[in-house]
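The next part holds the structures, each set out as structure tokens.
Two complexes are shown next, each including chain A; its partner changes from chain B in the first to chain C in the second.
Our next item is the complex of A and B:
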């Protein structure tokens, strides 16, 4: 715990040096959901689309913006650099698995970015009733319980992707491919129920919707307590387990393959 | 022995690609690999409290050896025991017992003052607050870091950064110090500060130091013993002084004459390494140097005569060039 606090402290102090960069990242993070919202807002002007009215879209994409910040993971870029440029060396010489530094840094950043996003949403809700969520703390608690495994899935998948740099110099290209797929399969471009049934069915057995769309649907009340929620939570736990297993295998094998370049 | 390496071997598999588009396409569909020998069957032991220097040209295998002993790299063959642990399975307990300082890669957090890295290492290595305070005060005093502790690392000079790197690495009081090119790129004054500090640290704490360096002065000033390595093979293990005796069993005699002396007159006494009208440098067999000096003084107009060992760089150059039969003991 003391180690996590120390690592998070460093993360916060470094972020303070890059205040402007954080604002830019936040704006960029908000841009994509807002653009999607703008498009669907126009499309839904003539009436509901697949059961979604304009206000439903507004709530969905604001919730997406918050869950995106809460589950955000960028570690592939760091891990890839650590491995390729030899920055992994001193981390491997410390009595602390490098994944803990990545987790602490991730949590330190999210604590700020998610709080800011929630604040922006709250202020917007004052002036724009369409984005208001019904006051249902029990539902928010369910959403919170779905966000935690979503954070784990997204972090682990990104971290494992970064560890591929033990073998290839194209780890970040694989990450870009994963992001491209997630645009459709995680509910970023549109709620999953609006996609063709075959795409929705394929997404349902992959990890993508469980790191974004599922917690968003719980937060907006599309999925409430019941079999559908439990099924989603079950899939989430399954994917956490799969990614954890992959992490162990890739980490152990990657360490053996490591060339420790660059000093 | 605090460090023991037995037949330690590391081979890398490197992808080979022909130049041009055709080469690039061929490497995609039919990749070819070549095996590179970084370290080949190296065996040695290091006693607690020793300072041992790895000497060798670029690509000799020095850094690979240190990274294997620190558990960063897995060997292709062989085994090692470091501080009582297998470096590759020793886990956190093993990693708490050594420090690794890499001259060309820093662990200091770039955007923050060095003390933030000290505090981070305090947490990572679970150092108590009184121990931390005492060690930081001591390290700051010895390395004269008072004025740099509050500055962001990015504003420090290279010498200041390396001193801070050393301090950060020693917060947990390691028993073994692996130093890879610790004076790389530093000016003479900073190099001397680092050398004096490392020797003093060993004397005070009894820590074992294993260092690699391109600077011969680092090794001659610090190392009790050297391991000379080239093409991954251990060529020599012993004291530097003994190396000179073994590899170059000659003494160097520098002469200044009171008048001009012809080359033929000087060549009678030994191998002429350099000559000017009034100066000459000769190499003569070590066991005959007294007799030759006497003859030089009586037969030539000698104004000054100095006897020394050949420069260590030259001796080691002979080892690398395979001029002698020096082998690992």
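Our next item is the complex of A and C:
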């Protein structure tokens, strides 16, 4: 635990040096949801689209931006470089599994980027009533409980994706593929209920909606306490388990593969 | 070395012409090495084709998600928007092939001090940082993007006339010039904000808005995208000229906007360089 705090402190201080960089990354992260929101806003006009009015879209995409920052994971880019440029070696020599450094960095970064996003949201809500969430602390608590497994799924899937660099030079290309799919299956372009039913059904058994769309729906109140919430939570835990298992297998085999080639 | 050899053999000629020839020789020298380097990674061609194909598919499906709920976006039909997405991808190809590997490196040049090396050479610095290398594989984006636009026109069933094609070519050239101006402008800021290494990402964020015709946005955003950050001129105007959504006269306006943008960024670049040299000296 103390080691974790130390690692997080390092991550926190490193990020602080790049404050402006964080803001720019936030702007990039906000671009796609804001474009989608603007287009849906016009499409909805004064009426509704698939049960979504203008204000519903506004709340949905603001919640999406926040949950996106909370669940953000980018490790594939680092791991790919560590493995290609040999920086993995000293990390393997340390007595601490590199995943702990990655988790600590991840949490330290999110603490800032998510707080900033929440702050921007709060200020926007003062001027723009459409993005105001109803004051329901119980619902926010439920959303918070759904965000934690979402963080784990997204982090683990990204980390495992990064470890594929032990075998292939195209690990980052696979990550882009995952992102491309997540545009639809995680609800980035549109709420899942607006996609063709086949796509929504396919998404429901994959991990994509459980790392983004599901917590967003809870936060905006589309999913309230009840069987639907529990089912979502169940799927989340299932996918955390699956990705944790995959991580174990890929980490052990990848290290062996790496060592064999290097030695 | 080769550059000097070719220029010294030139017969005396009007100053402008010899200057152009000299620049052409410099370009040849830059790109000969560059090409030899790039050709070593031929597998990248296949990867580029697959990657671009995937992103084009994603873009078209994204548009399809919106068109499930509405017959038109800002007055544009589905196939007109697809034609626009082709333009989006082609310009993105120019960005990846030429702008990012060159203009995108200015921050690095400033931070590492290699900018001094560039400034010490007897060729215009802006020319050097713009055309030093090309990532030819990303040319795939340009070809496939324009291919998508052509396919959308065929399926859409409205073939453009000669005037519209000419307007499109002019508007597309202007679009590339505007994209370049925005990049150079952003990167000139690097001379003031050296710590911000990811400034170029701001372009990516803004460019995200160019996936849709500017008329599909709410009024205030439309204003911003037309007059403040001129994204409308990059995709909406060329695609609109081709599909008849925008009058051909707009191509000329577009050329004027491009000329103004280029002149402005040239100015900003000069100011930035002056700041750099005075701070360094």
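The definition used in the following text is that the second predicted complex is superposed on the first by the 257 of 263 C-alpha atoms of A that agree within 3 Å, B and C clash if a C-alpha of one lies under 4 Å from a C-alpha of the other, contacts with A are read in each partner's own complex, and residues count from 1 in each chain.
By definition in this document, contacts are C-beta pairs under 8 Å (C-beta built on N, C-alpha and C of every residue); 3 or more make two chains touch, one makes a residue touch a chain.
Here the structure is a predicted model, which is why all the values come from computation and not from measurement.
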item	value
Fit or clash - chain C, chain B, common chain A	fit
First (chain B), second (chain C), both or neither touched by A:50	second
Partner chain in contact with A:173 - chain B first, chain C second, else both or neither	second
Which of chain B and chain C A:87 touches, first, second, both or neither	first
Partner chain in contact with A:13 - chain B first, chain C second, else both or neither	first
Which of chain B and chain C A:258 touches, first, second, both or neither	first
First (chain B), second (chain C), both or neither touched by A:96	first
Superposed arrangement, angle subtended at the Cα centre of chain A by chain B and chain C, nearest 10 degrees	80
Where chain B and chain C come nearest after superposition, their Cα distance in Å	6
Doubly contacted chain A residues - partners chain C and chain B	17-18
Chain C partner contacts - residues on chain A that touch it in the complex	17-18, 20-21, 24-25, 27-28, 30-32, 35, 38-43, 49-50, 170, 173, 176-177, 180, 183-184, 189-190, 194-196
Residues on chain A engaged by chain B in the complex (per definition of touch)	2-3, 5-7, 9-10, 13-14, 17-18, 86-87, 89-90, 92-96, 255-256, 258-260, 262-263
Contact set on chain B toward chain A in their complex	12, 63-64, 67, 70-74, 91-93, 95-96, 98-100, 102-105, 107, 109, 111-112, 116, 119-120, 122-126, 152, 180-181
Residue numbers on chain C that touch chain A, as the complex places them	47, 51, 54-55, 58, 61-62, 65-66, 68-70, 73-74, 193, 195-199, 201-202, 204-206, 208-209, 211-212, 216-218, 221
